[in-house]
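Input: a single structure, listed below in structure tokens.
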């Protein structure tokens, strides 16, 4: 089998999920390429060496340009903080590498547009890690919608609730906490969490036309974890918006890191004329389905345990009743990407798909300031 | 409309549920008789007078024989402790009164047999308050089974879990605590709780043939709440049995007052070839239903919110989505009894039906001592 | 005990819940007055007579002015369509009667303001049937908040989801369907459903300052059920808004009759610094509670079965584990009103409290048109 | 790091879970040895070669004795059908290899006793794959019990419900279906499913003293999938028993493959004087906990989402809120075994621990025939 050599940028949380995806995909999926963990790159030489040893990377680097320039690398996978995405991706595309990038694409539409242009100009395969599309339950939801089971859609409702930044002792940004510094991340929960809600929503329910939004920073200043200085908090802690989709349905979106009791409660619900669907990341192996066409006396929400061989991706795993977890969504995405490359197909979400999401997050941030309804650009 | 005069014996917990049943039934159901709360009887003259005032009884008595002998009483309803059931019921039947009796029928099969004989000899209408048959969700379960939705039944599984007697300070019997004194109650959880499980089970799934049982009294002696003397505890705190039904299905039954965390968790589940049903008293307005004939990808347990007008009894109440509670099961039973009397029909469960349950509880208690499988007599 | 004579206007859904409240309250609560179902009034002479017979009203009328003018009536309870509220309430107040009124108060702030003025000028006891405050679980939520358990509040999230108007065959207003005609009801789901969400929210979390809203009418015209003519639908089918409370917390509100699978799913969640609370009308006897001060390993959402004697209102009912239902919220409100009257206290929500809610619903409807953030007036 | 070479016997469902365990453990846990997938062995030469390629085994064999005799193998892991366990394990132990064995240990106590003797005589490290002990939620339950949180235990309740053998078309044993042939498997659900329930139960709650059991074979004969001949079904389809633990608590156990609607519903509940615990394999990342010492008004079952870094094993995985799945239990067991070997400790469950479970399953099968209570031997 042909090998496909991977150069991974970043060894943090996402560096691990991506590495694991390529480590596991070939054991469970029939792939046209054997992915090889070729080189891992990060700034700390000692730590990157240890990571390479643990995960079986053949080599470790501290300068990402070496990977981009290397003939041994087929694919650059960007799992480093958001402020590196554009520069690395554009260089990789120009070097003719396939590029995968952790979400969000850029820190703002300008960066994202440049990234799209780079991969499209080079014609390289590209994908963004909006991994939740490949939760089997979410993929099944997509199938049901595509089959027309819901009829006309009236409502879409989604939240992403966390509570990890409530503590007054939390520092303002710094090492390991780049998500709390807007200059690195681009925004707070809007780009970090809401972007997931928006990607899934537009995949399932089409284009979002316009939004009215509000954001909030509950704690206005914090001590920086390196300098010790009290600094203004520059990210949004919470971001909510109402929206209209182009199919006429109404939506409510909310993301926050101040919802006590929720660790990563990403949920969505979609209400159609004939049927409705609910999903919840805290029990990601279940899908809730209501079908009004059921016999009247016996109508109800059905909790489907997504572990059967006729559920998306699941015949590759264990036997009915035995659930998979979070990391499998990345394995599925790696497998789908490699398969698509092998077949000369495009695997979504592409950079361009991710740009559409960035246009909506941009409209949200704009509306929160303008206090007006704002249209979302389309890509 | 004709009136039907009720003589109620007992004003405890069950005296209240029965009084409320007759108080509410005519406002929500079209009945052939208007039930009249004629006379309430209990031993404490002062308290029975106050109860009569509060509930609108026309008179109060302390001697139940007065009610049995009165021409003004059409129906004797027995809501007093178990040791009074047989004597009152037999006298009432001999006096030609209709008789309703709180469960269990007698303290033992001998008492129950005499009670059945009395009502059948007199030919009076009779009924036992196994109220859980008339939870709308349970009635719907019965309909689904009668329609043959389940196919061949393989398993029946039921528990009744409480935790109110765990405390070491609980006294041994005495005033208000007759359920803890076997000389009054007949047995502990076997007659008090398991009898409900058995009545519902045989109604839904047919005759229980044989059982192997174990019982336990966890705390062996307690202080009596009147005498202050340490006395041996004579009731069973927990009672479990395995059983075979005459339809070939296997069953597991358990009742206990030592299951920390459960206040009145009466549940049952029935597994058939084609479909399964679950129910839970803690959410009595829901029925869980699984149908294997559903499309494979979309199979799951459905939670049916039993509040629609096509659910049993529910068109008499509010609008879809608005739940009823515990007391309504008694209202339904009162309405069904009065309707059946008006139409010259028999309303189940009759005294004879309740005797069948007593034969099973008797086999359970016998097996717990004999450590053998025991057959249940049939009535 | 002193009697308190009730004149009830309306015998529809709400006429039944109110009648039942006064019918049941004295049996379960110790009250300073015995409520008497004196006169029922509605337009159809035959039906109102039948209703009086079934519920035990002493007399029936077709002209509400007779009740207002009668010396035998102490309390006028308005359970008729919204377009009658102002006229009846103002006349009753002027006649010195106590006045209870089904929600919303008026069809618009002008009507509501006049109603508030009337009762306050007359000094008569007055109350609006925002019954959900008296679900025991909701009352417990209020206690926990008042005790300061939550700390600083960050988020409030609430929906009221129904699906009964989706059908294309549904007529446009007419007999029995006045909720679908804005000239009678004032608005669609905004006044009918969202008003409940707003009343509870402001009771639990204080004043709502400003809103940005959107409403939708999904089906633009329907046949009138009397005339058979196709008419424009003049109500809002769905109404969503984002809000800021005066305590700095952010909120999301949604009400719709187009959420397939939900019959009356009224839910709210409130997230505080230290604890969070969730509630759901479809399981109204439960409260979900998360306390971050719990030991780390053992933190989780707790499902509290609100059936114990130390839960609000519950010691009046049955024993632990046995749930009550929807209608009990009205019984509690009737009991609280009568008790407050007996003690010379004011029982909330008063007409003035309800006016505050009307100001918010008005801001919502205004914002939906203006596409701007709108401030809510305060009463 | 020292390498530890693994010889795997069997490439079926369990061959995959074990291979994955050794493949993944070193990426997520700090281990004293690096496990090497050295040789995979199974009977079909072509398929075993393909499996070796996919999983990265260095070589493939069709004769297990080659692995036992090889100097390059440190550990023999038995993932082949039950009728091979004893012969392979005994030979491996005699050859001085560490031995891991899929459960149940042998097909009957005689086989199991010989296996225990072999590993103990040789002094080799040994372990049985009762993987559910290492579900983080189950490990947490063990911690809570060991900390004395429950107080005196009254009840243990456990089921393992499946529905995959209901179909009338299912063949009787044969290729890939050895679990349906008692000559290979030893028994039906008793050894396959109940053994898991028993292992966990005795780990959490101590020795089971005596049992009364019933088993059933619902479909008496089926066509063999190779011969096409109708043959008697020789396994138990369902197996239930009541038991007494040596700590005085009462128990109910049930396993079946005829519970329509359940794919692998392994649940247990344990009720103590002060607290209770529930767990469910269908949502393996949650633990339900009730503590009676909580404030009265706020008592309830808490659903703990076992994804925090202070939960067992979880700091090795992702971030709070992100669940793991079924296969991780095997990864944890592999990691614990390797760690224990490195530290010269014994990791449970050993072969001797598994023998204790076999004695209970044997008592169950005996009681089902004798219709008597039977004592369980202790190991």
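The first chain written gets the first letter, and so on, giving A, B, C and D; residue counts start at 1 in each chain.
The criterion applied here is as follows: contacts are C-beta pairs under 8 Å (C-beta built on N, C-alpha and C of every residue); 3 or more make two chains touch, one makes a residue touch a chain.
For clarity, every value in this text was computed on a predicted model and none was experimentally measured.
The set of chains touching chain A and also touching chain D is given as B, C. With every chain reduced to the mean of its CA atoms, the largest distance from chain A is reached by B. A count of contacting C-beta pairs for A-B and for A-C identifies A-C as the more extensively joined pair.
Chain centres here are Cα averages; for chain A and chain C they lie 42 Å apart.
The distance from the centre of chain A to the centre of chain B, each centre being the mean of the chain's C-alpha atoms, comes to 55 Å. Counting partner chains per residue, chain A shows two or more touched chains at residues 262, 301, 305, 308. Contact residues on chain D toward chain A in their complex (touch as defined above): 13, 17, 19-20, 23-24, 26-27, 54-56, 162, 164, 262-265, 281-285, 305, 307-308, 317-328. Residues 154-155, 157, 159, 161, 163, 166, 212-214, 216, 218, 238, 240-242, 244, 248, 250, 252, 254, 256, 258-262, 271-276, 290, 292, 301, 371-373 of chain B are the ones touching chain D in the complex. The touching residues of chain C, when paired with chain D in their complex, are 140, 289, 291, 294, 296-305, 308, 310-311.
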